[in-house]
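In the part that follows, the structures are each spelled out as structure tokens.
Look at the two complexes coming up: chain A is in both, with chain B in one and chain C in the other.
Right, the complex of A and B next:
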């Protein structure tokens, strides 16, 4: 009984793998020896030409609509997308790569390689992912992901957004908390090797801010010094605010 | 022409009113209290943005180098920031969190730091910059910079050191002089900078920045 079940399942799988009935396999027009031009109103699902692929960034060498399948000669993104998601939007503590600054991604790949970014998950996952990554591939990956459109994770506490925005924009000079805006920009879009923070996930931002205070990734100056003055509730507020921030909408 | 003058006059009055409002608010806040953690904590707070050893930092905005800066200038600017006479959204609240009694210690700390040029081009024409710095631009009514800032661009007292400053910060300062420091310049030592910066082209600003940022 079990074997029959398995056979049925494998048959079903092979049908699925073969794909739906398609014009190339069973082309009714070819059988009839007529071309679509001779039947102008012919518009069945099988014969209708595929719509052009939507590409919101025409300047990108990587057509976004092809995701999650990168071009054959493109960078080996599948290894990244296993964890970072097929459209690289990240998941919880796994950071979003889409829209991240290319120079920042490249710098961090270097930091995983020389183990200076030693946060627990970095050591567990990223240290083993990068040793054989040639520099030109690292650059191509950084370029590829930076061109994908980012979406805001929006997973923080909405009640803390106002407090987070105030901290982000002005800091708290009395408590020696610097503003974030000076380096990360008015809409947290980042610049150069300074990362885009807008819309990163609450869980990722919170862990990062906490882990500088726990002694991890001390080479990322000036962040270890910046986070030193932040309380747990202030970290909560900042991470919440940033998780909802859609800098592309903000700058429009 | 008259219309333009009229508009300038109106906006100056509006600006002056705004600055006066900010100024009185500022002085109300800047009480004679010590800041949290004392002067050493404040210095570390400055260095978080202005770079380790006050070397400046390229964030989203260029954050100026403080190393080697004249103490009189640093104290003067902290006062202007906290009274709203130099208008930036970031430094106003920061300066108001520093007690005036701490100004001199902070200024002396950064003045003593290594001010050797950092290198790295700015894209400006160094030869043109040197020419403007030494001779000014007579046809544009731009005076020679060295007349006040000194031949070595080290400045003196309230006149800032320019030598070794980050070029993009210098360009920004020359571009937004009136917006940031118009009120102070109306009655102060820096009055000359209003017409001077107004008459410089973008390329001339970049040239001057390229020249002085490479001076030792």
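Right, the complex of A and C next:
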């Protein structure tokens, strides 16, 4: 009997705790009739309202004033680094953000938000990381990470580096492989919204190049066409070569 | 007549468990896939757990980062969650030995007090889990358990952290200060017994083998009977170093907050260390580590001594452990291999003086090796081998065969986690786990047969049992095999 009382009480507290968020973001009724935001549904009858653009609030005042804690400042980097690594050098399947082009980071955050970047790990992790990210915060984060000095993962197959370099710089016209260097730059540092590739991890680069051929993220022009004529061993060579490129300088 | 009775029992057990399965109630002992964490980060439980409470590399970093990472919804309200657990326990053979044996009828509970127990509301917990402010975060659990220990709400696992990052030369350092109330709850690799497998054990009947190491809870120090504080650094997302100290809390405090003192007192400060290296590459993660504690214990001190007595000799318990964890995590498959080995040295000065032990020094070794496979974060299968062995002690293990602490066996677990990748749309942070655990003993308290040396028949003594379980009173290790069905729900 007592337990049932307690359960009801705890349920009540827990619903109460989430009360403000229902008001703010997640109207449960709206949730029941959503069409996924990813699908550009032109004839949708009940469309989900666009996610509200809210101003990033400063941290609410410290409720207990027990400890002289410094206020949090800067963009909420922690929200990203528990996956991307303490200084965003990448971790496991999660790519490095340090030194990545700010414009590219912002572009990708948009692609996660509208689900056009639909790679399996994107859907599993990044789709959940962006819905509550206001555009100003996204820009601030992109700027922050682009200024962090990147370290090369250097985890590819060294034996393939020469083959990879040749492909990267000259392509293979007879096999219809374009040169990467024209867009990604001589040291693969990227420019504008074209990403820096130098020193990204081998497994990430390989996965990205493979997944365009598997039909994922087809909006990332021109990469789906670029990868079409790449063989498995060429992908291996490119990913290996790029993973070793030393690139300490941070970019913008 | 008996047949109908049996049928009735089975029916009631089935119906009751079915009710649990229906998702009406349920929950875990040490649950940590907290819905409030999911709300705070915007992530599903499956980001941080393969099948909770086993953590993924992301879950480990979320915890080390002080539970403060966000990305979800800012509720402006305390991150409260609740959990509810039901369980059903079946022991292979009833605990119905004659008076004087180790297996006298177990008190209370269930529909058959000998070998079946059922409690639909076994445990209720309320959690505060998440960011408090800035870099300060906490995991605090209060539990109402009616079978395990005392009755009433008690302070359960708690871990409060302040964590920040700093670049020191070529090192990216995540550093933190931590305060907690249970040895090992602060750890992030699920080898440490506080969060290790088996994640759920029955709260009914007997509680498994009699011998265990301090780190496995052998001193009976539940959350709040000791408190600890320390600091840690996590360097380059790879090297983890921690130093903490634990001390006992006062009797008054224990009565007020934890449901009563344990019989053994921790004297002074017990230093605790943890080192680990975790390497992540692609979908793989490998950890190798060591940890340990050195504690001065006044065995039976609670009964023998008023609180705060000085100058009493102590037992010195030293645990050193080595652990290994490998994970392969993709979007479909998740494999976790765990190995943990604890070596305990017991300098039993106090016990010897009080006639609790015969030897001055005993050793205990505890090994656990296990594998877990989870499919799409929804179906979990776990098999674990365990082996506890150590020095025979005529007094300490007087109830065991050959006075030996040795036990050995396997634990199998299957579980269904319907909401790991998001709960029902009205409450997407809900989480649930329904499972069956089977514990199989090949050796129990020193032997594989006749594990209850006190078992006597009405006419004769234990001699009857030599050579196997030939009389109704003799008990073999496998008679203690235990089936546990659990259902939990978090919201």
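Some observations on this one:
Rule of thumb we're sticking to: the second predicted complex is superposed on the first by the 174 of 252 C-alpha atoms of A that agree within 3 Å, B and C clash if a C-alpha of one lies under 4 Å from a C-alpha of the other, contacts with A are read in each partner's own complex, and residues count from 1 in each chain.
Here, contacts are C-beta pairs under 8 Å (C-beta built on N, C-alpha and C of every residue); 3 or more make two chains touch, one makes a residue touch a chain.
Please read all numbers here as calculations on a predicted model, not as lab measurements.
In the superposition on chain A, contact of A:81 is made with chain C only, not with chain B. When the two complexes are overlaid on their common chain A, residue A:159 makes contact with neither chain B nor chain C. By the touch criterion defined above, A:225 reaches chain B but does not reach chain C. By the document's definition of touching, of the two partners only chain B reaches A:183; chain C does not. The partner that reaches more residues of chain A, of the two candidates chain B and chain C, is C.
Judged by the touch definition given at the top, the superposed model places A:92 against chain C, while chain B stays out of reach. By the document's definition of touching, of the two partners only chain B reaches A:194; chain C does not. Overlap of the chain B and chain C interfaces on chain A comprises no residues. Chain A meets chain B in the complex at residues 169-171, 173-176, 178-179, 181-186, 190-192, 194, 221-222, 225-226.
Those residues of chain A lying in contact with chain C across their complex are 2-4, 6-7, 10-11, 13-14, 16-21, 24-26, 28, 31-32, 57, 59-60, 62-64, 67, 69-72, 76, 78-83, 85-87, 89, 91-93, 120-121, 123-125, 128-129, 131-133, 155, 201-203.
In the complex of the two chains, the chain B residues touching chain A come out as 35-37, 41-42, 44-45, 47-49, 51-52, 57-61, 63, 89-90, 93-94, 96-97. Within the complex, the chain C residues that touch chain A are 25, 35-36, 39, 41-44, 46-47, 57-58, 61-62, 65, 68-82, 84, 121, 124, 126, 132-136, 144, 146, 162, 165, 167, 172-174, 234, 236-237, 280-285, 329, 331, 425-429, 491.
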